[in-house]
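First chain written, first letter: the chains are A, B, C and D, and each begins at residue 1.
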Amino acid sequence: MSTINVGIIGAGRIGKIHAENIAYFMPQAKIAAIADLNMTPAIEAWAKSLGIPKALKDPAALMADKDISAILICSSTDTHADFVVKAAQAGKHVFCEKPVDLTVAKVQSALDAAKKAGVKLQVGFNRRFDHNFRRVRDLVESGAVGTPQLVKITSRDPAPPPPAYVAVSGGIFLDMMIHDFDMARFQAGSEVVEVYAAGAVLVDPAIGKAGDVDTAIVTLRFANGALGVIDNSRKAIYGYDQRVEVFGSRGAASAENDAPSTVKLSNESGVIGDKPLFFFLERYKDAFIAEMRAFLDAVASGKPTTVTGEDGLQDLLVALAAKKSLAEGRPVKISEIA
Amino acid sequence: MSTINVGIIGAGRIGKIHAENIAYFMPQAKIAAIADLNMTPAIEAWAKSLGIPKALKDPAALMADKDISAILICSSTDTHADFVVKAAQAGKHVFCEKPVDLTVAKVQSALDAAKKAGVKLQVGFNRRFDHNFRRVRDLVESGAVGTPQLVKITSRDPAPPPPAYVAVSGGIFLDMMIHDFDMARFQAGSEVVEVYAAGAVLVDPAIGKAGDVDTAIVTLRFANGALGVIDNSRKAIYGYDQRVEVFGSRGAASAENDAPSTVKLSNESGVIGDKPLFFFLERYKDAFIAEMRAFLDAVASGKPTTVTGEDGLQDLLVALAAKKSLAEGRPVKISEIA
Amino acid sequence: MSTINVGIIGAGRIGKIHAENIAYFMPQAKIAAIADLNMTPAIEAWAKSLGIPKALKDPAALMADKDISAILICSSTDTHADFVVKAAQAGKHVFCEKPVDLTVAKVQSALDAAKKAGVKLQVGFNRRFDHNFRRVRDLVESGAVGTPQLVKITSRDPAPPPPAYVAVSGGIFLDMMIHDFDMARFQAGSEVVEVYAAGAVLVDPAIGKAGDVDTAIVTLRFANGALGVIDNSRKAIYGYDQRVEVFGSRGAASAENDAPSTVKLSNESGVIGDKPLFFFLERYKDAFIAEMRAFLDAVASGKPTTVTGEDGLQDLLVALAAKKSLAEGRPVKISEIA
Amino acid sequence: MSTINVGIIGAGRIGKIHAENIAYFMPQAKIAAIADLNMTPAIEAWAKSLGIPKALKDPAALMADKDISAILICSSTDTHADFVVKAAQAGKHVFCEKPVDLTVAKVQSALDAAKKAGVKLQVGFNRRFDHNFRRVRDLVESGAVGTPQLVKITSRDPAPPPPAYVAVSGGIFLDMMIHDFDMARFQAGSEVVEVYAAGAVLVDPAIGKAGDVDTAIVTLRFANGALGVIDNSRKAIYGYDQRVEVFGSRGAASAENDAPSTVKLSNESGVIGDKPLFFFLERYKDAFIAEMRAFLDAVASGKPTTVTGEDGLQDLLVALAAKKSLAEGRPVKISEIA
């Protein structure tokens, strides 16, 4: 099997994670170049230490490089869709961080470009590759829970983002719960057809002033008849709370949080265990590796990617419907959005 | 402290449970008489074995008995409100099984009668006395979870009732989820102001034909700003699933199911623990005792009951709002009902 | 089925527990009389409240009462064996609190008397009736763990007894670990043939001055080839620690502690659960009921009791062997004791 | 900080694990060469893929290489001590896989050589670096459990080694329980002064024929007065069982097994969780990384290593005492061995 030459656009936190994971764990791939509009000596030194031969400013050079067959898009969200289009037109397979875009039209254009070019497009919904959630899905697929009837997701962050971020991110449904919409669709094995969103500002009034909520409960109705519910909070004082449950006719599969250790201290106060792993870098460390491996496997084998561009589009539609539901105080059909 | 003489109306399953609990565990009370329109020799023999001196057909005799100071109403739901009124008019304290009635008007009349007579009225929402849920509430009251932001309740039965029952019970919100509405209000320490109900028929089509759903997710908005969500299923194959979680600014308190034992079997298949306690008789055995003890304590001390008639009314309003929400496919304010 | 008339000797804590359990939960039996050398008005009042017709000083009256068919011996340990003999000679079935005696000769005389009289003799090793340990044993009996290879018991008290008690009780192996020896034999389904005891004074120097240890680890070898280990401490600051594990060729069954609730509080400090139920009255509440029911069932059915006099004798032999092992610093065979 | 050049002796399973961990995760070190008496083209190819410049047959070349400052000894046990001596004499710091040797004299000679040369010597007791056991130790060191009184270790393998291995390994105490002796000393923070070993052949008669046992319980007495107990089985059908508990005057810290996921399936059979991680490669994956990082840190900083040669010696003494105890059927003092 020939080596896959990879180009990376964006050397921020997530770009670096993917680069290091490929360098350390994926002998089937080589990072041929990394590009960042804000290339710095520090990034150059880091790239060198990983054995990446080129650290550039201009992503265009990656697109033009004949030896590169796959591009990872890890730049800011507003640039994603354009880079997908350009990479696809250059015949590169594309791994694009989530979300592809905040508008349906641009996501659609990216999907069209990838389809037309016949290249793979995987979107970075890394949680599908989490060991716990993957195990739940395996149980569902095996028939162990029977017909899914309820999908329940708890997803709470350890600390809220700055209100300034909320203003540009698209808000809680587009920057946070979109992961859970993807998870819900993944677990239910069915598309969402209707949502109802209830929200409140209970964590930080500044988030409310920025026009968003920080606490939300969203009810989902799936095409296969199942129901779902997601709760989000921007701040769980005990850390990152990431749980999933699928309840069906033959049983229920539920994933609890991961913790740094299994140790319990029993004393006069009670029986005290560890808090959950702190945040997504800790919790989804292995999931980031697994998603990249899956992408490279899809590129190498020619088989479909696990999280497609179409998934990214559907997740966006659900998030936009939730936003509309919150604004209008009524259940909203996904068909109203497209 | 003088003994409280109790009269019981209804010698069905729940009437018998209360009678036995008083006879075995509550020396502060004596059962002076039990009345059942369908009095049988078997009930008479059972009453005798408990040392109950009178087993009658006509509840009127209990109302007229000067020695009786408290009446337990354990007859069929449609008779509850009338018996509350009569007992109150006779100056008896009243413990009434839930629901007081399926209509707001009749519940209100019962409350008015109790208020006018100056007698206590406790409604049989026994789950407030469950050791797990009481512990959650204690943590909330102690401030350990800070300001409550989310209340989550999972409540699933091991097997659905006969469809014929659903037709007269008022449906899932009035016969099943009403317990959870009461629990939600109890845990939030606040009244529900709006609900949104999503429902589906996933367990038994006959329930759908009877005009009800068997699976439901209801979102709640509380007066204090917190949000809540309840999921119900008429059939969990693994048994009675009764969990509660209160999430707040300083932490989360969550109650898991009780099981018959703590034993785990580790073998080639995995690590296998017990299913939850089978159904409400097993799970809430001690809660039935505790609620009766609380009622008798309130009678003896003159202090307010733990679950008041007003609680029963509010729970009914929420249930009716949920029913309306499901029918109309929109969030419904509680103020629309009254 | 005719009612079993029961006489109770000893109205201390454990005598009262058995009396109340029979009065409340066992309609198949009636307490005809209770005798206590230190009969007081308080005990008389309590007996009256339970409907016990006679509260006496002299146990001889119970022995002479033709209507009484079963005697519960709940007096001080030094009187047990003599009462067993007298009751047996009077043709009464006997439930005797543990231990029957601290000497092999007196236990043997009690067993002989019961055997000669053809009456049942059950010894009060209540833990065999605990829901958790019974479940472990059921799994072992069902073959789910295969051939037992290791039996592990952790048994720690919340607080040490007064040193004065230790001086007369026979010490940790005879007053505390004897329960665990019985549990080990019960779970292994085999007799102990050799023990090695290691002990230390780590909790209270006064216990050491009284000639005993307060912390001990005892290794067991069973006739069927399996090994066992028990650890005891007189003081676990987090409460009563009662765990059992049976490991075998096909799996392991392990029982964890029971707690007052399943509630977990997640906050900045960790995930905090309840301590175990405080002490034996809380933990073994239902086991006391179950053992008495088993005794009455054996009396009524004529079938063997669950914990026989022979069990009590074997447990004593193991305890004496452990005491000798500790004193001599070497493994001791049970055959050295008898 | 200058890079540490490392030489590795032995390219078997454990040698490869250390090589890959250094190559992937430890930029502070470079593998300058690897030597294996049975060097093969496959090993050469693997070494090349990791960027190791030299793959040799003769370890002498590593000893002679001036650029190499640290040697990892991952060859067969019988060669360990000699290589330690040679490496020390060449002025290299040494990481030596456990055990250093099966005889006290050779271990002592290795320690003497390291001491004389003033080089670091770390022995590969990787479990000290396990996240769970490290957390237990941290709690002990913090004072959270007070004065340690009991140390309990369960350590069971998923499958027995071939009987032929047992014949040369030194047996269960020297090849398996030696890890647990090290863990016990680590957790107790004190040396073992006496052991009593009980053993049985319950898993495989061929192990018995090879002169060893496959099931053992060993009682430990520590210099600080605490007691300990370890149970080993060569075969736990549910997988690798690795648990540790430290019980003390102020509480108990206990580590449960790690599992591949937190997912529970609730169905008609019960509530089913994952088995433990399969074996040491899965369970101690991160511990192997952490121990190597600790070794390199000690080399770089000049501070003591975490697991010293003296630890290796003490562990061996305890293992030999256990072997003697089993053979002679009596408790054996460590002072009898040296």
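A few notes on this one:
Here is the rule we use: a residue touches a chain if its C-beta (ideal position, glycine included) is under 8 Å from a C-beta of that chain, and two chains touch if they have at least 3 such contacts.
Bear in mind that the values here come from a model prediction, so they are computed numbers and not experimental data.
Repeated interface, listed pairs A-B, B-D or A-C, reference C-D: A-B, with more than half of the contact pairs matching by residue number. Using CA-based centroids throughout, the chain positioned farthest away from chain B is D. Centroids built from CA atoms put chain B at 42 Å from chain A.
Chain centres here are Cα averages; for chain B and chain D they lie 58 Å apart.
The distance from the centre of chain A to the centre of chain D, each centre being the mean of the chain's C-alpha atoms, comes to 39 Å.
In chain A, 236-238, 241, 250-252, 266-268, 274 are the positions where the chain touches two or more neighbouring chains simultaneously. Taken in their complex, chain A has these residues touching chain C: 236-238, 241, 259, 266-275. Residue ranges of chain A in contact with chain D, taken from their complex: 24-25, 27, 49, 131-132, 134-136, 139, 144-145, 250-258, 260-268, 274. Chain contact summary for the complex, chain C toward chain D: residues 146-147, 149-150, 152, 154, 156, 196, 198-200, 202-203, 215-217, 219, 221, 225-229, 231, 233, 235-238, 241, 247, 249-252, 329-331.
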